[in-house]
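Common to both upcoming complexes is subunit A, partnered first by subunit B, then by subunit C.
Up next, the complex of A and B:
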């Protein structure tokens, strides 16, 4: 194998596939990146047991200045080492050549590396996915949905199904739900062209986070194909494979309250600032708790950590309806939830001290919802 | 193997190689008995007598007679004495064993250069291609055994197979003074029946762990999937999964320290001009220095070998106070030796060797803060 390529463009692709590679992989070959050169271009692959990323740099891509002198394949490892080398090479282009077996030389201007590769024959395969029934999703919307829901994904393996985001495509709408059992995020959006589709999938949250890192904002659409236990996201030159989680996702519709007794409308950023300040103190205390009090047409956030001290802040709001209320919660959950709204006006809907409360945008409030369960304080 | 979304193809056996493992029988004890025949047929323990050491010291080797009493190497000499008070304790004489080992290697070298010593009394030999151009590794192993016996008056056991792992297991199978051949088509059955304790590289702790998950024989090990083995035993699991399938692609590595590094060329047309000779010496210097660098060695002595048209061959050596560390320096030295020694032109062969080698040592020089 021998090819010469533009360093910056190759490096960008290399970093893409590196997202799937863990330096701590128990199977040695998976710490590497597979390179295949053929007449069309170079294919790079990085994998772990959950995801695999494949990307192609074609000879027709002029900016890549790619020339293939000899086809072939090799696995270079660890991936990190290879990309560090490419990153530091002196010239704008560099040459990779596999000599006697797996010894690989990387040369650029007057700099030359020789590193030991592995035989690509031992690199694992991916199952074939039938792309006949592929459908497309707008990239910006998909990224937004993931970012808005992934915060609620469970990080505990005790209930594996909760480490994923539940995607339901039905009646021309895509609904995404995640919950770790203390909070829940749900986003619904209509997507044109999906009227005849029906899917119910649970995709690992970690996979989707890597997908958002991979997807460039300049991309319009991504093609999605679903197989029995995996999913393929495909752009023009990149294939992203992820495992699907097996099992039944709990029915979350019944958890979202339909009515409320108190409605507080304010700027998301205002509330975020107050909660961030209060959490400075709660983080130092034994219990990470902050209290929201609605009383006599005023709104107050308080934190009390006897070992450290107290904080209270009057919160400016735009509108307040309903009953007085006192509710305690984990401020980190509210911070994460508020961050997903950006700088818009939100409405908090509260039922009672011990019932979950929700945050919704004050307009278009049926598309996006963040739910948080309160903390019971026994006194 | 399925690993998450990934599918690994099953590893394949490489049965194209021919590997011999030679293991001397109770080596140190056998050498001592050879030197002192009055010891034969008696329990011999290579260790200082515990009486002379106040009970300290360990057994390096015990002959088969002593092993009947339960004595084995690494046991305390005191314990060995308790097990067999009449055992003859002989303090080890390593110079003697080294000499026997050197002679043993000379026998190996009649057949192959690919020799990997594991210790004084054990080595792997790759005889896929060999100096006597014989196809049968079994016959080569038998010849080596016979030569060791007739020339050194010592016995050894040999294992013959297509990889190192199997050859080593085989040599242990018919010990002492035996030979075991595991041909490719017999490897599977052999490995299935083998108790897990006999798998080379599986230590006592791992054997316990194996028993804990129901692995007692090769067959039990074979039935486990790779992921389960990796989960329990890490990288050793990865390797055992292959070994139990008769797969071990590790090379027979000659890890002896080189004493000299050299290169010579025979020319198709005799060199007749000064320019040609200088060009050839330049080329040889580059190659030798490259090889030295690869081995992280340098030396102080240069040997130049010249063979003239009439097959007269001269070697001239010169030793310098400092290490020769660049190809330019080596080249200049080679040229100056040639200029002094050259008789006439028309040279068939030139060779440059650097000897008196030492490892290149890296040391970060400290600031003289306290001087």
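Up next, the complex of A and C:
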């Protein structure tokens, strides 16, 4: 194998693939990156047991200045070492050549490295996914959905199914739900061209986070295909495979209350500021709790840690309906939830001191919902 | 004349007997009456107590919870999950659980 390529463009691709490579891979060869050169271009593959990324740098890409002198394949490891070398090479282009099976020389201007590669035959094969039933999603929307729901994904391995985001595609709508049992985030969007499709998937939250890192904002659409236990996201030149989580996702529809006794409408950023300030104090204390009090047409956020001190703040609001209420909760959950709304007007719907409360945008309030479970206080 | 006296004595003795029996009867009845009065008082107290308790229970169900749900709430407050996902496992650091709350307070159709 021998090829010469533009360093910056190759490096960009290499970094994409590197997202999937973990330094603590279960199979040693997975710490490396597989390179395949053929007449079409160079294909790079990186993988851990959960996700795999494959990308192609084609000869038709003029900016890449790619010339392939001899086809072949090799695994270079560890991935980080290889990309560091490429990053530091002196010239704008460099040449990779494999001699004697796995000995790989990397040359650029007057600098020359010889590193030991591995035989690419031993690299695990990527799953084969039938792309016949693929559907497309707008990239910016997909990234938005992931960012809005991934905050509620569980980080505990005790219940593996909750470490994923539950995607349900049905009747031309995509619903994404994540919960760690303390809070829940759900987003529903209509997507065109899926009227006849019906999927029920649980995709690991970590995989989706990597996917948002991989996807460039300049991309318009991404093609999605689903196999039995794998999902493939495909752009023009990059394939992103992720394992799906097995098992049934718990029914979350019944968690979302239908009625409420108090509705509070205010700017997300106003409430976020108040909660952030209150959480400064609650983080210092033993229990991380702040209290929201709705009383006599005023709204107050208070934090009280006997060993540290107290904080209270009157919150300005736009509208308030319903009964007086006092509710305590973990401020970090509310902060994370509010951040996903950006600077829009939100409505808090409270039922009782003991029941979970929800946050929805004041407009379009059935598309996006954040639920937070209160903390019981002994008082 | 003596015969008349003997007859009168016998009659008086009989009357005395009747008076004795009647006196015993009256004291017996009074005693019984007292016992029943006390018994009645006790029963009334007991009844009042039961009514009071019932109204408390009723108030509890007024908060929307049946006895079994109150039981679950108690287990939850003692720091254990009652939802079918984590049932029986400990709620670490008193973490709240939306699934449990749904089980306790949720509406069943």
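In this text, the second predicted complex is superposed on the first by the 379 of 379 C-alpha atoms of A that agree within 3 Å, B and C clash if a C-alpha of one lies under 4 Å from a C-alpha of the other, contacts with A are read in each partner's own complex, and residues count from 1 in each chain.
Quick note on the criterion: contacts are C-beta pairs under 8 Å (C-beta built on N, C-alpha and C of every residue); 3 or more make two chains touch, one makes a residue touch a chain.
From a predicted model like this one, the values you see are computed outputs, not experimental measurements.
*Asks:* Where does A:159 make contact in the superposed view: on subunit B (first), on subunit C (second), on both, or on neither?
*Replies:* In the superposition, A:159 contacts subunit C only.
*Asks:* Just checking: does A:149 make contact with subunit B only, subunit C only, both, or neither of them? Give me first, second, both or neither.
*Replies:* Neither partner.
*Asks:* Please work out whether A:51 is in contact with subunit B alone, subunit C alone, both, or neither, and reply first, second, both or neither.
*Replies:* First partner only.
*Asks:* Once the shared chain is lined up, is A:225 touching subunit B (first), subunit C (second), both, or neither of them?
*Replies:* Neither partner.
*Asks:* Could you look at A:355 and tell me whether it touches subunit B, subunit C, both or neither (first, second, both, neither)?
*Replies:* It touches subunit C, and subunit B stays clear.
*Asks:* Between subunit B (first) and subunit C (second), which, if any, makes contact with A:181: first, second, both or neither?
*Replies:* second
*Asks:* Quick one: classify A:270 as touching subunit B (first), subunit C (second), both or neither.
*Replies:* Neither subunit B nor subunit C is touched by A:270.
*Asks:* Going by the contact definition given at the top, which residues of subunit A touch subunit B in one complex and subunit C in the other?
*Replies:* Common to the two interfaces on subunit A: nothing.
*Asks:* Touching subunit A in the complex: which residues of subunit C?
*Replies:* 77, 83, 85-86, 94-99, 101-102, 105-106
*Asks:* Provide the residue numbers of subunit B that touch subunit A in the complex, in ascending order.
*Replies:* Touch list, subunit B to subunit A: 3-9, 11, 230, 234-235, 238.
*Asks:* State the interface residues of subunit A toward subunit C in the complex, per the touch definition above.
*Replies:* Going by the criterion above, the answer is residues 159, 179, 181-184, 250, 254-255, 329-330, 352, 354-356, 371, 373-376.
*Asks:* State the interface residues of subunit A toward subunit B in the complex, per the touch definition above.
*Replies:* Its residues touching subunit B are 26-28, 30, 47-52, 121-122, 124-127, 229-230, 241-243.
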